[in-house]
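Report on one structure; see the data block that follows.
Think of it as A, B, C, D and E in the order they're written, each chain with its own count starting at 1.
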């Protein structure tokens, strides 16, 4: 199915929760959704017979300087088409309902987004820092991140 | 046997006549023990070098060849270096047991050299319960390994110790059962008698191996079970390098680790020596009767033949080690209780029936008696 | 599992073990299979594209700092001074092979092709100071002093000529031509290149040269 | 066994299969809670090799990031180099000459063989047979020689460039590759005789940690791990990129020949068969390679157009995806590296419930994980 | 292609091969000697013990990153560290040489220090590769890489390269052997 058709189908079902379709300059195209409804839309995308997006390729946090975003790249093995889903989050307390119930593959990547960006995923099975030591201060991949001077007495 | 040696020594040297007999025998015992122990340690050292050379050959590379000519002094360098390492006993380890464990394992494997029939007269002491003695002493290794595992207060070591206990105990049953056919044929537990019972008949065909099909099978059963007894691949689960970091001797460093290292090679030799004595005709020289030869030559030839056979089996162990992967613990247990034990029992039954039916004569003897 | 399965298990175990042992025996017995290259005695000759330690031929180097800019790790530190004849004189050129990642980007980008990969790979050292290769033999300060003196003389001579023939029309100096592509570098040649100044007092991982003992 | 367990209250043991362990393929730490030998819960703790590649990606230029992709998966550096080059070319729409694409496929497939060799070797070494590991490394040394001729380094090649490859093939390269392929092809059946069908090896791997097809897709498994579970999905075939459509090879899928479909043995055998397929691909690529330039015209201070792109390539360990956001400047704005080993570790905790400690080692080996990919 | 002359052993007797010209002997740590005669006896004992330690350097299997692969290939068939008596050991207790092969991150630093402390005393450290020497490719922008292993543990030999060739590692080990040869065990304590 073409991205436009997917966008229409999702728009039809969820109305204003679906904000817009980013197409030009975006390969694959992105369906921008509001953060609260991410979980329902994901379930729909996975279970709808016409969509069947059963494989979450990649879940990544992005820092757009004025706001955060979480980008999901979905792929359907049977039908073979791909789509991107993006949710923009405010800069202060970025939080987004977790989708590791829909796609178990999301758990580690959500923990990574939390670890490096500080995006909280309520409802996640096990949200802890995954790459950095537990007592690390700050979220490194943010654009305004200042490198710490010392860590445990070792010069950074 | 020691007394006879002591008496002959006293008569030979007049100056010693004043010395009471018991000190003489004690002296002879110490000397013989020293000789056997130096042979054992030298053999164990060289075995480590040969193992690394064999591994090198199999893996398309050259083993150690820089330490001394052709790398022959490699084991000396390893030994001295291990001797000079810092002696670490982990803080929370049980100090006394931690220190005791290597000695138990060392005694367990080197004490069995006493009954190894090296040659016609060359045996430390020809115990009449030879086979039982070896079985008893080698189970001391289990105690040592479990002690090492528990006392070093390290989870890997504990797992290694438990695995070793389960493995060695459950493989002693098939080892014992597989040795019994040789005892039945010789009618005595003493290893010298077992070896003597395999003499004559062109040497080769006197071996227990060809006595009857059951003993032929029981040799291979014994060898497999003995592999497990000495923790060699494919049964080296207690010191599984890749799973348990290195099993029960994780916390051992320096000379304590050297004890474990040498004990493993000592065990290998004891097990091969037993296999040679019980199944491959011990020190019987193939085409001439070793006992008839003059004492010096007889001993020399028999010692040479015995070592050749035993070290050949040790090489086979090394060859197996660099080929096969490792079994899992439950597969190991299943193999012992479901495969080895039933077959060895059936085999033992077969041998005893055979001896009953053919009055103790093997196939070669029957063929020989046909031709008169 | 039945008797047949039982016996089949045993047979398969023995057969596969024997097959494996035959292969290892073939390698064990055959000495031609050994492929060991005994390093200290038998050395391997490197392929001509081998990326060993870097070497900069300072005679051909025009200190254009292209290599300093392209290095992802900034392990090349270069210092140059404007000479009397408006050409850049190389004051010091150090490559820290302890930090270099041997990616070869600098060699590709070097316009005069003075920076090349040697086929050397044996520089195990005892102190980290020895891992910094210096390509300009004498000390940077001496060069700067000498060049400053030359510039002063040239200026004085030019001054004398100008006053001698004050009426003669002045000659236009050709603008210094730098390697294309880096307009930024050309303009501020006088200012030291942006990369770390040679001394790097703050950078604790490169201790002063002569002592050479380890960083604190 | 269950009844006896209640009567005998045993205490669970907490073991650290710590960052330094002979068979965790690097610095992976697994926190094992075991009841004797049986594992109750195995939780992986990663991050011991987190080197902030993505942060570096935002501070270096597009060309300067190429040597860092070598360190993303140092057993398949060529594939990662090529993946990064393909991503940027897809973003900027650069047209790569045909010969460069063929060279990329040749070096990627050679790297796939050498990566699978290490996977095969270290897996058998974990199972206790050390000799096949050294045979695998011996074959790998010959591939290292080939790579040294072509780009000068044995492990971190930095050979592919955005828009082509940095240098054309050295003169006798194709003959030497053919020589290697002829030398290597009979070795695979020899490995199978030596270790793959060895009774002990099969018993250690069959029916261990079997993963069904649906579960594999849901947990995001890719590459040999996915195909081991019977799902026939290979990016080179279903989402063809570069010149793969012109090369014919078949996708090897786990068939459960010694146990259930998707067990450790299947994942292992898929890698062994994939080595054969790579040899086939290499032979065709060598035959079809055209002449011509090897580098497209790319300006030195390369500024791609603004935009976001997600490209994924079939690496030996699975699907390496790169999500690149560019804001038109010289440096990438955001660079997300979707590494196959990282996503594979998701299923580790679920799959290892109830196994024995020796099987944990088998599962790690069968997933063929590599730590810089997990920790980036 | 490499010069493959399958020879079984180098010319016997030559204890140490020719020394690459520019490596130069390490700074000999020479304490006050005890007078000629004591020195001779102590000297010989020193030489013998150093020879034993030098020719059986068991290295700890500590491979974190890319250099770990080169370490494996050095131990494999073509370069064969086993020729020098160097066998890899899995536990720090039984190893006397730690080759830090790969990047050390802050999360790994404390483990590295603990491993180093667990090794019995005459222990040596080789820092292999740019990451271990100075943080290498991750020196500039990485927030979580330790910039050089000698911030954590004392290092005996630095082997440059990224990753260093197996020959470079063997060259480093040969240099370490020369350092061990010059160590004073008995005389120093007097």
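Worth pointing out:
The rule is simple: contacts are C-beta pairs under 8 Å (C-beta built on N, C-alpha and C of every residue); 3 or more make two chains touch, one makes a residue touch a chain.
Here the structure is a predicted model, which is why all the values come from computation and not from measurement.
Chains that touch both chain B and chain E: C, D. Minimum number of contact steps separating chain C from chain E: 1. For the criterion of most C-beta pairs in contact, the winning chain pair is C-E.
Comparing the CA-atom centres of all chains against that of chain E, the greatest distance is found for A.
Chain centre most remote from that of chain B: A (centre = mean of CA atoms).
Centre-to-centre spacing of chain B and chain D amounts to 46 Å, using the average Cα coordinate of each chain. If you average the Cα atoms of chain A and of chain D, the two centres end up 25 Å apart. Chain C and chain D have Cα centroids separated by 31 Å.
Averaged C-alpha coordinates give centres for chain A and chain C that are 42 Å from one another.
Looking at chain A, residues 132-133, 140, 155 sit in touch with two or more other chains.
Contact with two or more other chains is made by residues 9, 17, 20, 23-24, 27, 34-36, 38, 72, 101-102 of chain C.
Chain E has residues 2, 8, 10, 76-78, 80, 83, 90, 107, 137, 140, 143-144, 147, 151, 162, 165 in contact with two or more other chains.
Chain pairs that touch one another: A-D, A-E, B-C, B-D, B-E, C-D, C-E, D-E. Across the complex, chain B meets chain C through its residues 54, 57-62, 319-320, 322-324, 339.
Chain A meets chain D in the complex at residues 25-28, 30, 54-58, 60, 62-63, 71, 73, 77, 80, 84, 103-105, 107-109, 112, 116, 129-133, 140-141. Interface residues of chain C facing chain E in the complex, by the touch rule stated above, are 31-32, 34-45, 53, 72-75, 96-102, 121-128, 131, 205, 214-215.
Note for the complex: chain E touches chain B at residues 8-10, 12-13, 48-49, 51-53, 55-56, 76-78, 80, 82-85, 87, 89-91, 93-94, 96, 118, 120-122. Listed in rising order, the residues of chain B touching chain D in the complex are 55, 58-61, 155-156, 158-159, 162-163, 233-234, 236-237, 240-245, 322-331.
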